[in-house]
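First up is the structure itself, then whatever we jot down about it.
As written, the chain order gives the labels A, B, C and D, with residue 1 at the start of each chain.
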């Protein structure tokens, strides 16, 4: 069985495992106050060209989204997000657990626009029922989105400007950030992206680490006591150095970018496998997630040897699916998939 | 200025004020443990033909919705409701403040259907991401709805059955219940409605009282420690007898129903005023709220002498509006409105 | 049966009832945007010599405490309060329902000191585990306290200064404020008290109103969107004018102070009844609550004709009790109590 | 510098690291639905002699405490715990973040008694203010406690019985469980302990793992949808197999117990170092944490070469401290400490 279900099927990049082994019996103090975390912070700030940023390390995405959002909003405020956003659909109400509503914006491609944000803020500001309505207190984006799509530099700039106009922070969920930055179509660099956001995170779990997300707080007003929020939400890892070691390794010699680029190469091959075999795509994703639409018989046939995700029913005989590549995807596995898909067409 | 903005413009029915005056200097113990509350509970249970129900008195609607919903749901569950539902749009995130998501169902007339509820429950039960998704833990309806519409006996029965099938409680917000029950088109009696619900409330604030909502808990499983929940949510009135006196008065000699019927009579006149003058209606409401669509110049002209609510923009030159009748609406004021509308058409 | 159990046994002062009757069928818009609330706000600001204060009206004490505290604290902060404080012991976890810990300070007389507050703040600021500990984010006092005791001007000034030193707001719960201000031993005026606090409230429920608490926000930084918080916590009364009418009446011709003084007079008689009969007092209260310690046989004998509260067991044969006077306590009832107590001693 | 500050200074036991390396590039599905987690569950159930238990893996202690407690309590309930309990003092209000009060019980040795629990439950059940008070909904213990102390079999049995009498679940925090079970004075086996609890966890972070806590749910009533709660609280690790691999290794060939015993051996040497040098102990701990009281000059001298924790000020010239041993503590480091302490006495 070969799995393309998601981008967290394997452990960590061997360079990380090697470093974890080498340092295993060293003694360091806890809670990310160790030298490895310090070094990782410096490398990430350098990569972002953001010397004044605060960098924090958490274990997973839901925890990170919850902690960041709860640290920003006033109680009666909510977070604007695409209706398809991870925080709205796949976190079992983690945002609501902190008292906040996810204010959803309709989307077809997983992205939201500056105009939609502006309209929402304008509508509330001019509503007679202002005091009875949840106030947009921040914006949540993911890049890439749940559908694998990307914001352009112009789009993200426009969103950033509208957020500053309404004085609401912009938070970018970068669980798959490497796969966005290294996409062929990306016109955004990491420093550019960083400076357009108030806070964002660089995903490790899906990009080479055993686990870990690096939160980068750009806006000074959001920095105060963030570690207290982390502890409160169970996001302060005792052996914090595990996160430091991983991120230091990822941000040494551009490893994060190199392995992300590998995933894009594999994903583009997967895309080509299906497109050249005549299968349509549910979303036009330039990143590591690919969404071919399969007829039921091909779906069933492929499932015998390959793991992939059912995404949604398209019509009575077809389903949208998701195949993910990652830093760990092998050419051998992609070749096996190509053969299997080509065999379907014979 | 004559106001039709809402159904809480005046104080209370004179019979209530008289009783409050008569009892003013009596001493009673607090927190609704007094004889007036006891008597009111008995009269409400008799009116509902529900001798085993628990009846509790709270001050207002948002407080009541929050307390009931938070008392029912497990932490990771949400409440299914129409997207237009009061809890979703006009309570400043009160439900979310208790950690719960409002799971919205699209609607055009303010109502949701048994089939929509069934589909939502079915979809989750069969989703591979079951553990990552907020679980529907109950259903919230309002009757009348935010758009003045009503559930038929068949519709409410079907909803009740689907709730029991999925073992999720059905909660009916009756902030305007009298105006629903006394509508010409209603085919539901109070006892029928009571026995289809697990919990519901009988609105006093909008139907003759200074304030107050009477929660009726039909389902034994929902009764435990509800008063603790009330206290926790600031819903335990110190001088609870004020609520008892009001509801006892409303449920003596059918006052609640008589004054509700008066509001319907007034509302039907308001409806006729606009319809016979050729104005279309935004919603087809058989209850105390009426929603004529006015061209901008008529809107402006009427606003000089009459208070009413802007509801939503319909097109570039028209707005939907809301005119409410209530127990307190006078024939004189309705006549004045008729004259003014007719004058517009000359 | 004559009740001294609490200070919310009767309805409202007759002047309030009269005004409610007179205005009953007037039409006003909802949610305290009416002229009565406007007038009440002006009178309260004048009484406080605080022209820039914001004044809001809520229905009850638990709701008010919760709304104020939740509007001030950051998520990881708690509220410093006496261990005996109402928010810590008698609100069914309402503060915790908003995510905040009550950080308790030991007390024997219901009061806390500036030094205790200072020590708590200092200890945290110097603790290696700073990020793991709930941070004191504000101070909660009640005046009078749960034990009927009062802060002196010097004590409250010292507390105010230490709060400003640590930059944490001072919130004073004035559910019984009138009974504190009119006590013989009080050396604080309302304007003095107001200017020492960041936010406080003037209790109506226990001092002449049917219900209602007037929150006065002195500190500009705490004013933003307080009404949104009120709505979220179910504290926005639909017929807000009921609160405005009551507080306008209470703050006309010094009614609030006159009726509070009456309660003190009655309470001092009650105190004298017990003290002169040789009963010790559990707390030395100069306000409307009195706490005689009764032997079991006297407790039982008095309970036949009088309602009063068991407070706590003192030893094997004695209990501390609470007798409350209020604006509504009659000389006749106090005289009956005197006779009964004196009869016990014969 | 040699550190004895805590029991999470190093990485993981080499057997765990070896297994993580060997399996690193295997593909497994996420969220602990993999074969390693399945195997670990079976081994833990066998070790507990609890074939019907549910076993779940989370990353850290605060997250685990929060998730378990929030999954059990009704909104208006709190958790009874020692005032010194970790959830009360060192989790930045994580329990309160879920709406629940920590109901503290005074303690001098970190333990609470069956009688204290019984008194708390009895007092509430008989309080006139029942509805105004946070209800004890469960009991939280840690074993070993924060002070390194242990419950005897008799003590834990009595606590278990009183919990069952009042129908409130018993939750045992076993962050250092191995160090408790392997203490010389322990008269409790793991299966005995398991069957006295409704839910408990076996700590990995402090006992040989990189991270991880294994929750064992014994009581069927607490099993429902626990994974939904985990996800909601950010406690569902994407690469769940990392937890499975670690716990499977720890529960193979008694590794968990063997390495725990090593820590006890080292701790008893540390204890002897101080006791035989004449230093008193702050707490009489038979487990891996030792609490010598040091005069200021010795404190300062030892701090030059050794890391250890300041615990609390004892008098003007002495401080209580904490020295921890763990699975990773070396004889060499303990010997160095002995030499240093003996040198102080010369």
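By our rule, a residue touches a chain if its C-beta (ideal position, glycine included) is under 8 Å from a C-beta of that chain, and two chains touch if they have at least 3 such contacts.
What you are looking at is a predicted structure, and each value in this text was computed from that prediction instead of being measured.
Between A-B and B-C, more C-beta contact pairs are found at B-C.
Seen from the C-alpha centroid of chain A, the farthest chain centroid is that of C. Taking each chain's centre as the average of its CA atoms, chain A and chain C sit 50 Å apart. Note on chain placement: the centre of chain B and the centre of chain C lie 33 Å apart, centres being C-alpha means.
For the pair chain A and chain B, the distance between C-alpha centroids works out to 42 Å.
Listed for chain D are residues 75-76, 91-93, 97-99, 131-132, 228-229, 231-232, 236, each touching two or more other chains. Listing the residues of chain C that touch chain A in their complex gives 31, 70-71, 74-76, 98-99, 130-132, 135, 225, 227-232, 236. Interface of chain C with chain B (complex): residues 1-3, 5-6, 8-12, 14, 17, 20-21, 23-30, 59-64, 66-67, 91-94, 97-98, 205-206, 210-211, 228-229, 231-239, 242, 307, 328. Against chain A, the residues of chain B that register as touching in their complex are 75-76, 78, 89-93, 96-102, 128-129, 131-134, 309-310.
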